[in-house]
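First subunit A sits with subunit B, and in the next complex the same chain sits with subunit C.
For the complex of A and B:
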């Protein structure tokens, strides 16, 4: 007993001892998380709100800025270009995300079953999202050139129908919008594909086998079993891609610089222009805060749906 | 009384000796020598160890600038470092520096129109005290180009680039047998450099040819577009003043665009687009230069460097076939008015928050000086265009650009004008560009666009501060930067 007492580890002293106390140690993660929250989120957020209340264009020294209340908010709300850019962004996001979901789902359906070369296809389908957006923008700007490869590929298809194959991908307002949507679809279908592939992989095989034994057709299995079980994956894909698509910036800058006119100016590009080109920092901050509120409520709606779906799936059979 | 007479010269000498160092002129016979001497003295006075300067550089100049940096280091012992960005990114870097005041850059390289916002934000060093000592020489530079170096009466900018727009025609097409006669019969004047924008459009219309057509004994194996010009967002505003041919505002900053003359300018700017490549509204320099060099257009209005590109690019099909022209004009009150906007115009500014603004200034004075500047303009790797009268007689510059081009662009400098030198100018430009695009797309009439531009410009003026803008505008007009004066 004596020997045991002598060899027992010494109690730590000083700061270590203080940290080792149960009541302190359990607070460490909390303090770190809260600290990071304050530093990385709360502080810039408060600063943004403060700037949004200022009359400040950066073409005057900051010392001359002064608080003017909610004037910037009123100006943002009264600015038609803000609403046009926002509407356009929803249009881009809606079209792009829809296409990405359909294509990603179809590709995942095709490759989730075992067949020769499956891994190769999966790898190929995943490559686009690993490419740096700037490179994607540059490549597509080459592809979309008036006399470029895309129009040359389309020529034999369109010409027999009397349609000119010289589509002005980057200079016609509508074509330019679709040029951006298609570039986004090319890059981010990979992500929806990945989400759906993992969704398919997580489907319980016994349920599908049981349905098969009971004589369900492939369509019935898909419609009645696979699709309902994939709902959480679908919502995840919708939420993640919508969040990203609403921030669409790179392609709009690299392919068209918001033009022709402002037909491809997204809300992110509008903000960038107001702040970094026009130096309207107060106005830009107010627009950012309004967008944050808008997008947060949308994302909250998406997350609410996701949680509700999960809860429904976890309910025991026969209930609800 | 006699004592007073004796003491007076002594007092004068003492007064001169006590004059602050700022007012003393630096030793040296040439601008460049004074800059070198000034830099050396500064390093010595401040006992600087391993002095260096950092330039926020337009990436286009990354190949040419290192040679001059090395030369400056050999002359003064001051190392020059570069941080490179595309020219579209640099204004936001300058404005960020105005807020952050990091001092990481000593010199900014960009275009004159960046000065108003940057000077207003206080990030640019007024250089007048330094110029008093260094005595730079701006002789041989046309007054309007010279005026672009100043804003609200202070010197902020050292220009080294005659980037005022020019018109270039295809000589080989003009010279096709029977072409000139046919044109003259149709339009009543011998085709060549046009006097007016309307005449340019006549040329564009006449020479616009479809692929496969045979005209004047030549079968065209590719489309020949009658004209090319900058019509994309971020570019239209650089060309529009040539069509407007006058001040864009009156003396109280009321826009003059919503007038019969302004509407006509919008119409002319948009009308000629029908003879341009269909993608032109999405094109910038990376598309326009190679397209021109490929021989698929009859004429182009562009930065002057397109002529060098057309002659020297390895892929070019038009070597020796370019006819440079003075910018065409517009008729105003029965008078022909030519205006050639300085569409870019590389130059250099000093960061007020840099560690050694005075030292940075000496580099500017040296590099843009009459001798050293001409060396840069003659540099085959550089993109500095002729702008001094001395360029006309400089064999290296003549060799690089060709005498016909140099004579034309130097004649064109007489009509060179500044883009808007006003705070918030990017916003004015954007309002103009967007509405011009709408007209080119057929969504707005020129009248509707003029009204919208007027509203948009007034809104910018009010937002920046009308009184301040009026003062800056009047200063700018009085400086001669726009050539025109108030009616």
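For the complex of A and C:
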């Protein structure tokens, strides 16, 4: 009897048994999360920083590469083409995101009202977002052909003003820039529309009713109630779209391949060219580290604003 | 100052959903009128039609001496307090209160003075720079009232303004609202599903169900002489005891149901009430626990301090409740004898549920 009570229950041996122990098992999820983090984020990041410090061209063996300090960074900063591309990217992103915000907001405001066929319009307005960018690129390359549909549509509008509607959409430096911006606007207005539509739907109707009872006009309600309350949605739209627009690549490749000249070379395209055409790995890595710092500071600024706005809109305590 | 007349108001939503099915009502100038009823009875829809947030399907809303059916809510010169207060979360308390004046382009100096005056009245001066999120429930309530009353509207509409407050604060705010009504002397139309709120504050109550007014009267009229079974059951805590049965009048009137045979004094029974199926209603305070009457057995007691609610079984389909004033303790399972106070027995028709004269 005594011997039996003193014997500890025998554990099945092996890895499963070891994992099944309470003190081990509760660590398993951490191992997975941390493992993923190390593998997918930390490792490439550290590697990028390491490569950015190397003197290494991919057409030479990796063994010949050596750490040369911040020379690549200095080269990036001293490269005028880098700054031009960066400036151009901000110009594209600024113009595209502004148009997308204005259009998406207006569409959402219109569709927010109740009318027949509302759901159909919502579905239609969301389609561009779901089209693969490459397809959008090819479609627009056909639309922009000199004798193509866009110019034909513009002809009756422009001719009375004495302007010939022969805009060289893809071969004139400025027209090409706007060709890319417009293609981006066409595709991504859907997203801002979606964000604003949900923003409008989330506005509490009592606030608008309260303002109506107090005698506010439609414009006053929009200006003083709806617009301020939509600020978080606006910030979300700006952050998400800016983040994406700064990486503008597909349209620049598909429509113009950066040309004519450098006029549509975005920063993403510039990096791609440096690395994949000129094999300047160290240079590319240094440039991407610099861009990461720049873009993330912009985005965290946006997120900070968002969090602050959200906090201001909290409901009073103890109320539903 | 405004009297409100509702003439046969009807509101239907879409196909076949009737929220308000013909409401006619004359609300006197300066009256505290309360619409009370269960959810979905049409009380809020009626309020929204007075306010202008809903268009009546047919019928007229008259405020003062104008038909206001086609006026925008902002042109009707009324104020409204919403269920969740609807304070603008992005504005300070000051801006919230000033909003109604700002949209009417009141000059800044005048506006500042009026806001600070009303803030003093409601004792919220210290909150003016804060956001609604930083106010407590009671403070937010006072801000909402200040915002609504600053433009001194003729009519104040309140849509369940106390429902989101905790129990203690709700009772305090009742007193405050009643005092506010005394001060302003404007017409108050108040919507609630809480019969206690209606009883304590109203000059008159309109009890609504199924889109219609079931009874209109002063709180005591409605409590003592409910027009039908619905009103009788809706008012009073605990709910009125209702027993179906028959009143027989052989030599003296008796109430008989399956398990109950009680002698009733002649004056408790209306002449039309004999020899037909009825439902009698007796409030708990009119159920007497004493030495004579029918037998029952205690199932549950709820001591409230000064009085005790005794729930007991008498062999019928549902239990009865008596409100006992006194020091006696009742034990579960104890046998008791109960009787009904003749002046508290109400007789309702079993068919159409109206009270018999």
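Just so it is clear, the second predicted complex is superposed on the first by the 283 of 320 C-alpha atoms of A that agree within 3 Å, B and C clash if a C-alpha of one lies under 4 Å from a C-alpha of the other, contacts with A are read in each partner's own complex, and residues count from 1 in each chain.
As a working rule, a residue touches a chain if its C-beta (ideal position, glycine included) is under 8 Å from a C-beta of that chain, and two chains touch if they have at least 3 such contacts.
Worth saying up front: this structure is predicted, and the values here are computed from it rather than measured.
By the touch criterion stated above, A:261 is placed in contact with subunit B alone, subunit C being left untouched. Of the two partner chains, neither subunit B nor subunit C is touched by A:133.
Touch criterion not met for A:302: it reaches neither subunit B nor subunit C.
Contact with subunit C, but none with subunit B, is seen for A:206 once the two complexes are overlaid on the shared chain. The touching residues of subunit A, counted against subunit B in their complex, run 57-62, 145-146, 166, 168, 170-171, 173, 176, 256-262, 273, 276-280.
The touching residues of subunit C, counted against subunit A in their complex, run 51-53, 72-75, 78-80, 82-90, 99-100, 103-104, 131-137, 139-140, 147, 151, 164, 166.
The touching residues of subunit A, counted against subunit C in their complex, run 204, 206-207, 209-217, 220, 224-225, 228-229, 231, 312-320.
Residue ranges on subunit B touching subunit A, taken from their complex, read 91-92, 95, 98-99, 116-118, 120-122, 232-234, 277-283, 287, 423-424, 426-427, 430, 433-434, 437-438, 440-441, 443, 463-464.
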